[in-house]
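Note that the chains take the letters A, B, C, D and E in the order they are written out, and that residue 1 is the start of every chain.
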Amino acid sequence: MDGSETQSVIMLATTTSTDDSGLLKELLPIFEQESGYEVQVIAVGTGQAMKIGRMGDADILMVHARELENQFVNDGYGTERYSLMYNDFVLLGPVTDPAQVKSTETIKEALQAIESNKAMFASRGDESGTHLKEESLWDEAEIDVSGTDWYKSLGQGMGETLITANEMQTYTIADRGTYLSMKHNLPNLEIVFEGDESLFNPYGIIPVNPDRFDRINHEGAKEMVEFFVREDIQEKIGEFGKDEYGQPLFFPDADTPDESTDNGMNPVAVSVPIL
Amino acid sequence: MSSNVLAEGFLEALNLLMSMDPYVMDIIAVSLKVSGTALILAALIGIPLGAFLGLTNFPGKALITALLYTGMGFPPVVIGLFVFILLSSSGSLGSFGWLFTPYGMIMAQSIISFPLVAGFTMTAVMGVDRNLIRQLKSLGATKTQATIATLREARLGVLVSIIAGFGAIISEVGAVMLVGGNIEGATRVLTTAIVLETRKGNFGIAIAFGIILLTIAFIINFTMLRLQNKELSGNE
Amino acid sequence: MNEEFTYEIENISKTYAGNTVLEVEHLSINRGEIFCLVGPSGAGKSTLLRLMNFIETSDTGKIRFLGNTYEAGSVPPLKVTREVTTVFQRSALMTTSVWNNVIYPLKIRGKNITDSEVKRIENILDDLGLLKLRDQRADKLSGGEAQRVALARAIVFKPTVLLLDEPTANLDPANIDIIETIISKYIEQVNSSIVMITHNIFQARRLADRIALLHKGRIIEVNSKNDFFENPHEDTTKDFLSGRMIF
Amino acid sequence: MSSNVLAEGFLEALNLLMSMDPYVMDIIAVSLKVSGTALILAALIGIPLGAFLGLTNFPGKALITALLYTGMGFPPVVIGLFVFILLSSSGSLGSFGWLFTPYGMIMAQSIISFPLVAGFTMTAVMGVDRNLIRQLKSLGATKTQATIATLREARLGVLVSIIAGFGAIISEVGAVMLVGGNIEGATRVLTTAIVLETRKGNFGIAIAFGIILLTIAFIINFTMLRLQNKELSGNE
Amino acid sequence: MNEEFTYEIENISKTYAGNTVLEVEHLSINRGEIFCLVGPSGAGKSTLLRLMNFIETSDTGKIRFLGNTYEAGSVPPLKVTREVTTVFQRSALMTTSVWNNVIYPLKIRGKNITDSEVKRIENILDDLGLLKLRDQRADKLSGGEAQRVALARAIVFKPTVLLLDEPTANLDPANIDIIETIISKYIEQVNSSIVMITHNIFQARRLADRIALLHKGRIIEVNSKNDFFENPHEDTTKDFLSGRMIF
C-alpha cells in the first residue's frame, strides 16, 4: 500500500456495539459517495480501539467512553472530541424478574434490589464504555460486587454478553441500540428498568492527531467529522432504526456544546432521551 | 514501541508467575483442567479410531479420511456454536446445565481435538511396515493385540498426534469463549483472558498470558518428548 | 487331530492386480513331515505360505487344516490360527529389545513368564547364539542375527505347524548347521509338520521328507526327497536342479 | 430451537452459495487468497526445515523439537498480537503499511501454520526406513537428493502436514481478526464473519458460513487425498 | 588411478554403544579383483562394507581409496563417493515402480535417459529376468525379485567399485548362476574391484580372487582363493570351512 493509496482510505476504529447497530452501514456509503474516500471500519473492544488510536493505526475513532475519550485528547493523541449522538443504557432482566426490579424507581434502587435478592447479574467485565458505566452505577448504589457469586464478570463484547445473559437468565446492562438490534434473538430478556438520567450514553468522534504519527489521513478525518455533524446527517441518525424497531436507536446531539476541549473535565452533558 | 510492549509482556509474565497471583493461578488451573480432560477423552476415542482406519480397508474410506482431515480444520468457533446450541436451555442437551460450565468447554474441546488425534494416529499407523503387521498376526496376535503393537511401533507419531491435539485446544479461544462464557473465576481460561486483555488494549498483559500459556505447553511437550527421547534421533 | 494330513489344499489361487501368481490344484502336507518348497524366484512360494498361515485368503478353492475345512475367503478362528506361524523371508522385528521380541508370542497368549520359562527361553537364545544380544534393540541387529531372533520368536511358543521362508538365507555354514539341528529336533516335538522354503538344494536334501517344485504359481512335482533328486518325474525339475533357467 | 437453527443454517448456506451473493463470494475469495498464500509460504520453509530436522542429529535437537511442537499450540491470537505490534505504525515494520491488509494476515497465518507443517514433516521423515536413506546415499544421492527422495517416501505424512497447516489457518480467527481488522470488503474472511454473526446472535447465518468453510476445506482435502489415493489403502 | 590398490585400510575400528564390533589393522583390495568376505553372522562384515562405502565413518584409522587417504571421521567428496555403491543385504527400494528405482542413480547424476539408454537398461532388466516387472511397484516384489532390482540399480550407473552384501541370499540356483555371470562380466568393465560378502562358500570358490575371513570384528586370514580353501593358515578358518562353531 503506497502513500497515495493510504490517503484515499480512512481507517475508522470503533467499538463492536456501534458497528453492530448497523448505523455505520447506513451512513458511510453516503459519505464515501460524496467525498470519494473509502472508509474501512475496524470494530474492536473500546480499550483496543483507543489503543489502535494511540499507536497511530487509525485516522479517527468513534467510541462511547467519555472519561477515556477526554484522556485520549488530553494526552495529545486526538485533536478534538466532537459530540455525535447519544442513546441510553437499559437494565435488562429475565422475563420473570426475580428481583422485582420493575417496581423500583431509580437505577440505584434497581441495582440494590438485584443485590439484596442475590439475583444473577452478567457484566461485560471488559473495561468497555458500557462496563465502565456499569461500574460507576454500582459505585453510586454503594454496592461492592467484587467477590460475590451472583455477579458474573464475563469479559466479553456486548453481543456475547447479551447472548450469555439470555441463556443464563441474568440481569445485565446494555446500550439500547445493541439490545434493540438483537432483541429477536433474546427471547428470555426484557427491559426491566430504563429512563434514569444517569443512564445517558453519549458517543464521540475524535480525529487522531496527525502531528504524532506519519501517514495519518487527517484531511479525510476532518471531512468525516464535518459529515457526521452536518444537519441532514444528524437527522438521518435520529431516523435510523425507527422503521425496524419502532423507535430510534440514537439521538443526534452534535449541537450540544462540547466543553471537553475547554477544561477536559466536563461531566457528561445531561439530557434525558425522550423515549 | 513494539519492543516496549514485548518487554513489558515478558516482565509482566514473570511477575504474574512469581507472585502466584490467585487470579492467574485460577485461570491456569481451569485451562489445564479443561484442556487436559478434553485431550484424554479425545485420545480415548481418537487413537483407537485412527488405528482402525490406518489398518483397515473398506469402501468409502477415502471419504471418511477426507472428512477426518477436514475435521482438523473445523473452525473451533463453529464447533463452539454447535455445542452452544446443543447445550442451550432450548437445545437437546439443555437439561444437562453444562452451558457456561467447564463441562461444556470440555465437550467442545474434545470435539475439536479428536480429529487431530485420530487423523495423525491414522497417518502414523499407515507408516508402519506392513510386513511387521503380517508377522504379528502370524505370531497369533488378535486384531487388538496387533493394533496395540502397531501403535507401539508408531509411538512417535502417536505422541505427536497427542501433542497436536493438545496444542490445538490449549490455544483455542472461539469455542471456550462461546460455550464457557469467559466467566471470571469459573470458566475463564488463558486464551479467553488473552482476548479480554487485547480488547481492553492491554497488549502487555495479553502477551504475558500468551507467554505463560506457551511456557506451560513447552514444559508439557518437552517432558513428553523426553520420555520418548531415543525416538527423536535423526534418521541419518 | 488324528488326521493323516496337516494340510489338504484344493484348487486354491491368488491374483494380484489381475495377475494370477498362484494356482495350486492339490497339495497335502502329511503329519510329522518336513516338507520343502523349492522353485525359482517369483514362483509364488511366499504367497503360498501366506495362504497356509491364513494371513491372506485365497481367491478360490479351500484349505483343510488340522481337521477343518476353510473355504476361500474364510479364516479359521483365532484358536486354530494360533497353531501355525511363519518365519518370514524378510524378518520383521519390533523396535524393542531382542528379549521383548522373543517373548511377544507368549505375552499375547497371556502366558506367565515364570522363572523356569525364562530359563527355557534363555536356552533357546543360547542355542541360537543370541544370549548376549538379549537386551540389544532389534533394529540394530545384523542380517543373520535378525533372522535368528525371528526363528527364536517363532519356536518359543511351540506352534503345531511351523512355516519357514528361507530361514537360513543370511547365515554362515555353522549357523545353518545349528538351525538345521533345531528344525530337525522341533519336528519331533510338534505332532504336526514343518513347511520350509529354501533355495539351498543341499539344505532341502539334508532336511526334507518330501519336496515340491513350484513354478509360475503351479506345483510341477511333489516327490520324496530321494526321488526328487535322483528320479524326478518332470523335465522342469531336472532343469531346476541343474541350475538351468526355467522361467 | 437447536434443530431449527441448524436447519436454518443449512438452508442459509445453500441459499448464499446458490445466489452467489457477492458479499459472500468476496469473503470466500479473501479467505482462500490469504490462507492459500500463507500455506504456500509456510510449506516452502516448513517442509525443508522439517526434513532437515528429521534427518539430522545435533546437540539441542530435543529442545528445538519441543519448541517446534510447542509452536503447534501457539495461540493464534498471541501470534496476531505480535504481528500487530510489529506492523503497527509505531512498530518496526510499520512502514510496510501491512496492518489491516491481507499482507499482514498472510504474515500471521504463515507463522501459525509453519510449525505444524515443519513438525509433522519431521515426524513423517523420521518414520522412513533408515536403511533406505543409507541406500540412497550409497547410490550417490547428495544430501538434498536423498532428502527429496525421503520426502517422496513420506509423501502421505507430508501431505497430511500440509492439510493440517491449512486446516489450522483456514479455521483460525484470533490472528486475522486482530491483524486484518475484519474490514468488510477488504479483510473479512469466513471465520471473522462467523464471529461477527455469532456476536449479533445470528446463529443461523454463522452456521451457514461455517458450513461453507467446511465444504471448501472438504473439497480441497478430498482432492488432495485423491491424488494420493493409493497411499490411503489400509496397512492390513 | 594407477594405484595398485583400490582400498588400503589401516587400523580402522567401529564401536556401537560401547561395543567394538570392528577392528581391522590392515586390509587392502587390489585393482581388478573380486574380493570375498566371509565370516559368521555378526562378525562385522556389513559394518566393514558400510565404512568402505563411507556411509558411516570409522572411529579410528584411515582408508586410502582410489588414490586419496581419508582419516577417521572424514568423508570423500561427492565425486569420489559416487564411484562406489553397495547392494545392501536387505534391499531397500523406493515405493515407486521398478523402473523408477533402477533409473534413480542416473537421474540424480543428471543423466539424460536417451532411447539408447532405455534400451541398455531394459537389457539389464532382461538379463536379470525383471523386464516384465518393469512397472510393478517395488514394495510388492518377492524377496528374490527385490534383490535383483537392487543389483540392477547398482550396476546401471557403472560404479568403479561395487560392494555386494550377500547379493544372492534369496535366490534359486538358476538366478544365482545369472548373477554370478553378471558379476564376473562386470569386473571386466570396471577398472577396479568388487567386494562381496557371501555365506555361500561355493559361491566364494566360484567367483573370488582372494578371500578374507572376518571373525569377531577382526580379520583372521586373507588368502588367495585356492589357498583359503586348500591350505588355510589358521585353525579358525579350517573350523569355519568345516561348519564348526567359531563364536
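Following the convention adopted for this analysis, contacts are C-beta pairs under 8 Å (C-beta built on N, C-alpha and C of every residue); 3 or more make two chains touch, one makes a residue touch a chain.
Computed from a predicted model, the values in this text were never measured in an experiment.
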Intersection of contact partners for chain C and chain D: B, E
Chain-contact steps, minimal, separating chain C from chain B: 1
Distance-maximising chain from chain E - centres being C-alpha averages: A
Two chains joined by the most C-beta pairs in contact, as defined above: B-D
Chain centre separation (chain A, chain C; CA means) in Å: 82
Chain B and chain D: spacing of chain centres that average the CA atoms, whole Å: 16
Interchain centroid distance [CA atoms averaged], chain D/chain E, Å: 46
Whole-Å gap separating chain A and chain E, where each centre is the average of the chain's CA atoms: 81
Residues of chain B touching at least two other chains: 1, 88, 129, 178, 195, 198, 203
Junction residues of chain C - those touching two or more other chains: 90
Numbers and ranges of chain A residues touching at least 2 other chains: 44, 55, 157, 160
Chain-chain contacts as defined at top: A-B, A-D, B-C, B-D, C-E, D-E
Interface residues, chain D side, partner chain A - complex: 88-91, 97-101, 181-184, 186, 196, 198-203
Chain D-facing residues of chain A, complex: 1-2, 6, 11, 16, 20, 40-44, 55-57, 157, 159-160, 162-163, 181-182, 184-186, 213-215
Contact set on chain B toward chain C in their complex: 129, 131-132, 134-142, 145, 149, 152-153
Chain C residues touching chain B - in the complex, by the definition given at the top: 50, 53, 55, 78, 81-82, 84-86, 88, 90, 92-96, 104-105, 108-109, 150, 153-154, 157, 159
Residues on chain B engaged by chain D in the complex (per definition of touch): 1-3, 5-6, 53-57, 61-63, 65-67, 69-70, 72-78, 81-82, 85-86, 88, 90-92, 116, 119-120, 123-130, 133, 150, 154, 156-157, 160, 163-164, 166-168, 170-174, 178, 190-191, 194-195, 198, 203, 206-207, 210, 213-214, 217-218, 221-222, 225-226, 229, 231-236
